[in-house]
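Remarks on the structure that follows.
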Amino acid sequence: MATLPLLDDDTAGAEARAVFDDIRAKRQTDYVNNFWRALANDPAQLQQVWDRLQRVMAPGALDPLVKELIYVAVSVANGCDYCIHSHSAAAKAKGMTPEMHAELLAVIAMASQTNALATALQVPTDDRFKS
Amino acid sequence: MATLPLLDDDTAGAEARAVFDDIRAKRQTDYVNNFWRALANDPAQLQQVWDRLQRVMAPGALDPLVKELIYVAVSVANGCDYCIHSHSAAAKAKGMTPEMHAELLAVIAMASQTNALATALQVPTDDRFKS
Amino acid sequence: MATLPLLDDDTAGAEARAVFDDIRAKRQTDYVNNFWRALANDPAQLQQVWDRLQRVMAPGALDPLVKELIYVAVSVANGCDYCIHSHSAAAKAKGMTPEMHAELLAVIAMASQTNALATALQVPTDDRFKS
Amino acid sequence: MATLPLLDDDTAGAEARAVFDDIRAKRQTDYVNNFWRALANDPAQLQQVWDRLQRVMAPGALDPLVKELIYVAVSVANGCDYCIHSHSAAAKAKGMTPEMHAELLAVIAMASQTNALATALQVPTDDRFKS
Amino acid sequence: MATLPLLDDDTAGAEARAVFDDIRAKRQTDYVNNFWRALANDPAQLQQVWDRLQRVMAPGALDPLVKELIYVAVSVANGCDYCIHSHSAAAKAKGMTPEMHAELLAVIAMASQTNALATALQVPTDDRFKS
Amino acid sequence: MATLPLLDDDTAGAEARAVFDDIRAKRQTDYVNNFWRALANDPAQLQQVWDRLQRVMAPGALDPLVKELIYVAVSVANGCDYCIHSHSAAAKAKGMTPEMHAELLAVIAMASQTNALATALQVPTDDRFKS
């Protein structure tokens, strides 16, 4: 169903397999999900995305759960079905409660509604919002 | 520049003016920003959006700053210039530091990149991500 | 500001000028708006879009005002500032009242909100909605 | 497949079940479609969306069929598969003929084409389109 | 699953069947893919899209493979699953190698990332980029 | 107008200034455009994006001009005004002729039209398009 085959340890090259192994080690699971197996058709891209993702999603000024909530929100607005599923699951794994999930959805719905209204009305930006 | 005139206290009807007053009271400022003044052309819509916004953005399982970050993220993905400006300003007012802002942008950029890749590759959702 | 120069009667070629004249005759105005003057850099594209627009927006099973409302709705969802301005103006010229405008905005806002919710929840389509 | 379970009368709480019953009564059908059953995980959100939808889609300056056509148009531009299916079905139920459907699609296609052109060309808005 | 039935040679009218035959002749295949069979519910739209597609995708200043790559890129950004599948297949048929595919994906991912950053930052356009 | 200040050589830190210098050296120009000066508020992000951009846009299986055309196409579909301006300018600098530009716009317009139709019709993917 993907536009490129999903590679597993047998069909992926050595470079991609090394990334698979790193994913397994860092995530402490045997499972490598489909996104990485599709990306493995281009090992350099696979490596770049995996490296970057670890850096971006690491604890920092924002905690990892907040980062996952933001990730889900962007994925919903961009209509990426795969990403909505995978990052909603990741958010739950990182501690998103049903109450948090409900509030996340409410904010996404609210923003989508007012985004459409501000765009439809072509509201000019207030001077005080310009930095 | 807007597709409808921005109403002020003189041009808005009594119903819209009452909402303006409530915005001023709740936000403890004299300033009513352009979004509300454009919405005032339809006082019922103005009332509904203002009421709903207060409920959705109130403290709950997620704190108000996290909600603003999610709001900014959705507004960026939807390309709403007005909303990006107004909610970035709101996030700063609620305590978003430069470090948080940088991480917010990094997560939005990362999600946008992987959203595009997962969509381009048409990656099928792993069974384990289905609830 | 456009990525290509806006051509006028002096700078456009004969083929584009003929379309300008047709626009003036059909719309009974001397004014040719910027969209057509930007498209005039590719006279074949200009001709194709103008011809197609007349056919698509002509009275049929749906009346021209309803078609303009749909055009505005799509333009808002696609975030096309130029199109929102030009087709909101066209809708007013074809009889859109302030009440109709308010209801148009309310439907766009509602749809944007529920689109986001259905996408975030990844709601599977009910069998009865499949034709 | 949804990111939250679809609740039925047995699994939903009393508050959500009351909304289900109201949907059944108002729509004169026993069937409650998946969107509402997914939303039922947050009864307050379910209530808010259902209430708002009834108000927004009621007859007014625009008739309910025109409102459904606009809803479909927004859902297509936002790429919400569920909403395209459910609101195309609703439009048919409210009287959309095959000829109307064909014209709706033609306007959506036309708007999508010119939205892309105006955006690609970055056409500046004509002064006369500014209110 | 489509919102309109997929018509075949028996259910399509004479006008649509003539387009099917033209597709078969031009593409030297017996197979008419689902997009055309769905469009056949509106024979005039079917004819218009098929005619236009041939003109737009013909060799010109850009070669047909480059045009397919651009088509895939737009389809990804618009999130059109059908179009991503059909035009990725078309690109392969026209000579897209795995290396080209990998670079296409990398450019799409890069553009999506920087589009989000430029939008989030609301970067003003440099004077020198204005024509 | 940006949501963060545009930094120049005086206001940027040493790390960002080093990237500015590298941009100047690689592009053989004194000019550093606004995108980089906005990104300079987060020197690590600036460095990452600049490094990645060079790798992705370098000659490979696709030539740099083709990559710019794809970049413009994605930017149009994502509605990023800044990126449309900057990458249209970059494409011209790399040899895009007016004829190529016209064909690029025609393909973007065509894809946007058929993306909308395939989505509106919810056309199921043909088995033969699945890899």
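The chains carry the letters A, B, C, D, E and F, assigned in the order they are written, with residues numbered from 1 in each.
Criterion: a residue touches a chain if its C-beta (ideal position, glycine included) is under 8 Å from a C-beta of that chain, and two chains touch if they have at least 3 such contacts.
Worth saying up front: this structure is predicted, and the values here are computed from it rather than measured.
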For chain A and chain E, chains touching each: B, C, D, F
C-alpha-based rotation, chain C on chain E, 0 to 180 degrees, nearest 5: 180
Centre-of-Cα separation between chain F and chain C, whole angstrom: 27
Cα-centroid distance, chain D relative to chain F, in whole angstrom: 34
Per-residue multi-chain contacts in chain E, two or more chains: 1-4, 45, 49, 52, 74, 76-81, 84-85, 88, 102, 105-106, 108-117, 119-122, 130
Of chain B, residues touching chain A in the complex: 1-4, 6, 31, 33-35, 38-39, 45, 49, 52-53, 56-57, 60-62, 66-67, 69-71, 73-83, 85-89, 97, 99-100, 102-104, 106-126, 128-130
Touching residues (chain side chain F, partner chain A) in the complex: 1-5, 48, 52, 130-131
Contact set on chain E toward chain B in their complex: 72, 76-77, 79, 81, 84-85, 105, 108-117, 119-122
Contact footprint of chain C on chain B as seen in their complex: 3-4, 41-42, 44-45, 49, 74, 78-80
Touching residues (chain side chain D, partner chain E) in the complex: 79, 84-85, 88, 98, 101-102, 105-106, 109, 116
